[in-house]
Amino acid sequence: MSYTKLTREQLAARVAKDIPEGAYVNLGIGLPTMVANHFAAGFEVFLQSENGLLGMGPAPSKGDEDYDLINAGKQPVTLLPGGSFFHSADSFAMMRAGHLDIAVLGAFQVAANGDLANWHTGSKDDIPAVGGAMDLAVGAKQTWVMMEHLTKSGESKLVSRCSYPITGVNCVSRIYTDLAVIDVTPDGFRLVEAVAGLSCDALSALSNIAILE
Amino acid sequence: MISKISPSVSAALADVPHGATIMVGGFGGAGMPNELIDGLLEQGASDLTIVANNAGNAEFGLAALLKAGRVRKVICSFPRQVDSYVFDALYRAGKIDLELVPQGNLAERIRAAGAGIGGFFTQVGFGTELAKANGVAKETREINGEMYVLESPIHADVALIKAERGDRWGNLTYRMTARNFGPVMAMAAKTTIASVHELCELGEISPEHVITPGIFVQRVVKIARAVTVASGVKAS
Amino acid sequence: MISKISPSVSAALADVPHGATIMVGGFGGAGMPNELIDGLLEQGASDLTIVANNAGNAEFGLAALLKAGRVRKVICSFPRQVDSYVFDALYRAGKIDLELVPQGNLAERIRAAGAGIGGFFTQVGFGTELAKANGVAKETREINGEMYVLESPIHADVALIKAERGDRWGNLTYRMTARNFGPVMAMAAKTTIASVHELCELGEISPEHVITPGIFVQRVVKIARAVTVASGVKAS
Amino acid sequence: MSYTKLTREQLAARVAKDIPEGAYVNLGIGLPTMVANHFAAGFEVFLQSENGLLGMGPAPSKGDEDYDLINAGKQPVTLLPGGSFFHSADSFAMMRAGHLDIAVLGAFQVAANGDLANWHTGSKDDIPAVGGAMDLAVGAKQTWVMMEHLTKSGESKLVSRCSYPITGVNCVSRIYTDLAVIDVTPDGFRLVEAVAGLSCDALSALSNIAILE
């Protein structure tokens, strides 16, 4: 059987579908940022950005950018009526004490025990940079990963143990990829759903690790 | 009559000593006190330790200070940016020390210094390479079934922050996300120097809306408003 | 559409369980959520642990709750007041537990819970009777030549706080010194219930002037404005 | 020789004289509160009250009291232009990290090593209450005590070791009484000045403890 990977937009829409109204959510830099475009009009989700805002709105129109109003990716954003600004310690308190319901993060690797690697390749030549990744991974009530299932060279990002330096221990609860939605359970990875035409066995084989049905 | 208003950036920075630990506010371009950093470059203090979220962009501001060889060590969360080539080169050449700190630990450690906390336990960083100091694992502890790392406060001699409005008692407000690290850095430094775009009479800032009370600010200097420019934006 | 506005005090308090730990804002009469405490008295939950700065005045508010035998334990900094005779009598009769906490440790321990801190070292209380928990000395440590005590966070099931303005997302402002413990208690409780004197449309509270962002508030209930009365004033 | 004790107002004026312009000061409940009345007009001292205000002004006129604007003694106060409000954790951060220059506190006893006792008599029947006393004693850059030299029954409040439960260890740097100004030094109490007609020897005898000249 053949299957089709989700596009980035389809993946973003899939993640958005699982976020309940009223949730406090931080969307990580890169792919997760796209989730914001897939909430229905009037559906109220509170987007937080760790540089100090809650109630983040869509990108400003061309020409209306104000670089004093940016997101964690340093891109210009807007603030919804009802939003607020606060300093960095208050902002991180929101994550670090579990006030934030969901953090959606990109990843290099997720291990079967929920370990996340997304901040550093570990290569000697790489300049390390962590930003808020560790705070988000550990602090939010639920940490979801959103990523392509395989690296560009075809390796699985689902692993038995992270080979990259980890961001947090046992912190990921759910993984959204362009091939499947997978829960991290005490027994390891468990399939929630896969794209049409892709069996759990085929996904396991592709992932080079057991994924429970 | 007490006035914390400095007549100029150079007057505000005149006594910054060699070897000082200097906090620099800002996240991206927002809250980055460029005029104060330029002033520090001119002032000449060297062998500095910089505490900031990033480690400079292109060749202006912090990057210019780094390029001039004035910085011994950077304590920050996110040095790697699209245009952080000055830091990157120094780091790869082993010419600058880096203490990489998760951003929330950075903010909390700075606040801890400002609040008289001798150390605190946090879950963030546990089990990672950043739960080490100089290669040695930091103290850890299990509390109510969760694992925590002991983190220490970060104090500074000087904080350079960018605010929006200020008065002669040092009360400050900020503009949108330019607030970021300013309020906690002001608490953590012996001498906090704030640039403002507007000097107010006492009471013009409502007592309900003062973000940084004057007790945390030693010097206020007015600078002309400049539009904040894009800085370190990652292509997404 | 999300609305955190409760139609009434009784609706806001309906699910407070027996045995709950409840934070109650206020210092003197300022910030004391009298209407919410009265609602709690009516609601019936008992075996409560109260976290507050004081332990009630005369026979209203907290004192009424104490008098009704609904409180097992009080964690506070200043139970003794000119008119705290209800608490005093219960305490002398051994009918209520008291955990006495220096006021700054109280505020910081509450904030610690709200900020995900597992414990912190403070100099306050070192060498005193209050550096004990249940008669056992708390852990101490020398840090940079000074002695510190390890203090733990104080979490709560419910926080009852009095604010000034609020909106349907739970954003709050306060009035003058009525702010006191409200903002940190809001951070530390699973369910924060705030009374406000004015309900605003979203955006009516400037995003620069929100004191408690809505993420820390679960329920907002409007009450009529009542003039704050003198409470626990000591003759000087 | 005979001497005259300072009145409470004279004592307050004496303390005020030593507070430099621009100082951040917390005046404890009771006697220390009176210091506020002894600054010259236009002399700017920043009074902090731990319940969350900085820039405290004089008591309001009769009829203008607002019990949302009170000091730590729960008495109505005013706020000067340039004052500010903040929450309790921020307020105590001001003391606990030494941002406050001077705390002026009442005392039951001060020991020769600078230990302070001012929160509890230790009597079983006494309801203990501490408020911000310990935070102030330990946190301010300088902790000054302001008290009557002797108890009502004539006992010295200067002691070799506190018999009452202490508020803070080695925290008092200076003592203002109705008889003298005394520094706490590594060598013990040292006289700065005494009221006219009272010698250091006589003061030592009266205090039942050595006071260095």
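We just call them A, B, C and D in the order they show up, numbering each chain from 1.
We adopt the following convention: contacts are C-beta pairs under 8 Å (C-beta built on N, C-alpha and C of every residue); 3 or more make two chains touch, one makes a residue touch a chain.
Quick caveat, the model's predicted, so the values are computed rather than measured.
Peer 1: Looking at the contacts, which chains touch chain C and chain D alike?
Peer 2: Chains that touch both chain C and chain D, as defined above, are B.
Peer 1: Could you put a whole-Å number on the gap between the CA centroids of chain B and chain D?
Peer 2: 35
Peer 1: Once you find the CA centre of chain A and the CA centre of chain D, what distance in Å lies between them?
Peer 2: Comparing mean C-alpha positions, chain D is 54 Å from chain A.
Peer 1: How far is the middle of chain A from the middle of chain B, if each middle is the mean of its Cα atoms, in Å?
Peer 2: 28
Peer 1: Name the residues of chain A that each touch 2 or more other chains.
Peer 2: Residues 53, 79, 85-86, 89, 92, 95-96, 139.
Peer 1: Mind pulling the residue numbers of chain B that touch at least two other chains?
Peer 2: Expected reply: 108, 111, 115-117, 122-124, 174-176, 207-208.
Peer 1: Quick check of your reading of the touch definition: is the inter-chain graph here a line, ring, star, complete or other?
Peer 2: Its topology fits none of the listed shapes; call it other.
Peer 1: All pairs of touching chains, please: list them by chain label.
Peer 2: A-B, A-C, B-C, B-D, C-D
Peer 1: In their complex, what parts of chain B are in touch with chain D?
Peer 2: 1-2, 111, 113-117, 167-169, 171, 187, 201-203, 207-208, 210, 213-216
Peer 1: Quick one: in the complex, what on chain A touches chain C?
Peer 2: It comes out as residues 21-22, 24, 42, 44, 46, 48, 53-55, 79-86, 89-90, 92-100, 139.
Peer 1: What does chain A use to touch chain B in their complex?
Peer 2: So the residues of chain A touching chain B come out as 29-30, 33-34, 49-53, 65-70, 73-76, 79, 85-89, 91-92, 95-96, 115, 120, 125-135, 138-139, 165-169.
Peer 1: Using the touch definition from the top, list the residues of chain B that touch chain C in their complex.
Peer 2: 108, 112, 115-124, 141, 143-144, 146, 148, 152, 173-176, 207-209
Peer 1: For the complex, give me every residue of chain C touching chain D.
Peer 2: Answer in residue numbers: 27-31, 53, 77-81, 84, 87-88, 91-92, 98, 100-108, 110-111, 122-130, 147, 174-184, 211, 227-234, 236.
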